[in-house]
């Protein structure tokens, strides 16, 4: 975790920005629960649970809003 | 998922922007649970569950806020 | 649903903007659960459930924020 | 409900803005559940339920953010 | 509650802004449940409940966003 | 808690901004439940609970949005 994993919020396309939002949402979990083993076990459960999948989608939406602003919404 | 699915946040009308918000909210789920089969099974349950439908509506609202900003709120 | 239902985010007054926010919150549900019959059945339950009413109020609040920005907060 | 209840988002002070946020959060509930009788019954329950009180506080926070922006954060 | 408790959103430091966010999150609860006695009883429960503590932290985060904007993020 | 813990929202990199968002999300809990002992006990439970980990990730996302804005999204 001490490595550099977030050098910039700038992405070439909206889609790459969305992918970054997904990564940030997962990093928010990882920094609280650093064990890969525990997170893998939890994933087996929540990926079958629509309420939690929707909650994850919400976290992604918030991060995507931030990243979109950082990229001036990729307006040419 | 490696295909291009989000070339731009710009839409011609607010309504198309709302449709895009719906797609983004679903993509947030899909990138966490890529199996079409599992998502179809989950959908059968959550589309009968008002609490989850409201939660989905909230994710859409956040994405719509982002998209509206990207389009200068479609002000002429 | 193929009809035009959202031509603009501009409203004459804050109150009309709030009404539009209510409509958008419902449309977020409708686009996920298009059946009027199912939604009517769900409504009978959630309109007696304060937690879900509060959740709906939250979705409205997010949409109202977007609409208020689109209208420059109706400042004269 | 057909009466005018939201002529403006402008308030003289932050505190009046907060009071308006409280009113908007309640209006979001009222427009979904218009019956005073039902809402009074629900209130007796949720005002003893901290999770719902916190959820209400969150809706107020979102509306207060909107109102604060509408008032340029009351900066002189 | 009729007294003045929110004269301004401006604070000298980010930390004072965070403290104000905490106060606003509590005020959102207090304006819905004014009884000190009831709130004290509820507090005994939710301060042992991590889900509710996280929910409170979320309300604080929203208010802090508003307050940070009001202070131009305390940039010199 | 009377010590200074938040002198500025400015960080050198997005990653440091994310770390600060994590700290703010925890501080929101700490200011409500100041006992280290109680929080340690709660942590043992919530770090095994994916729903709460996702909720924490959401609080982090909101704070990160604020911090990113404070840093002009670290655009050079």
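We call the chains A, B, C, D, E and F, going by the order they appear; numbering starts again at 1 in every chain.
We adopt the following convention: contacts are C-beta pairs under 8 Å (C-beta built on N, C-alpha and C of every residue); 3 or more make two chains touch, one makes a residue touch a chain.
Predicted model, so just to flag it, every value in this text is computed and none were measured.
Apart from chain E, the touch network of the chains stays a single piece. Fitting chain A to chain E on C-alpha positions gives a rotation angle of 120 degrees, to the nearest 5. Separating the centre of chain C from that of chain F, both taken as means of CA atoms, is a distance of 31 Å.
Centre to centre, using the average C-alpha position, chain A and chain C are separated by 27 Å. Measuring from the averaged C-alpha position of chain B to that of chain C gives a distance of 16 Å. Chain F has residues 51, 55-56, 58, 62, 65, 69 in contact with two or more other chains. Taken pairwise by the contact criterion, the protein chains form one closed cycle in which every chain touches exactly two others. Contacts from chain C toward chain D in the complex involve residues 13-15, 18-19, 22, 47-51, 53-58, 60-62, 64-65, 68-69, 73-75. Only residues 4-10, 24-29, 31-33, 38, 42-43, 45-46, 51-52, 55-56, 58-59, 62-63, 65-66, 69-70 of chain B touch chain A when the two sit together in their complex.
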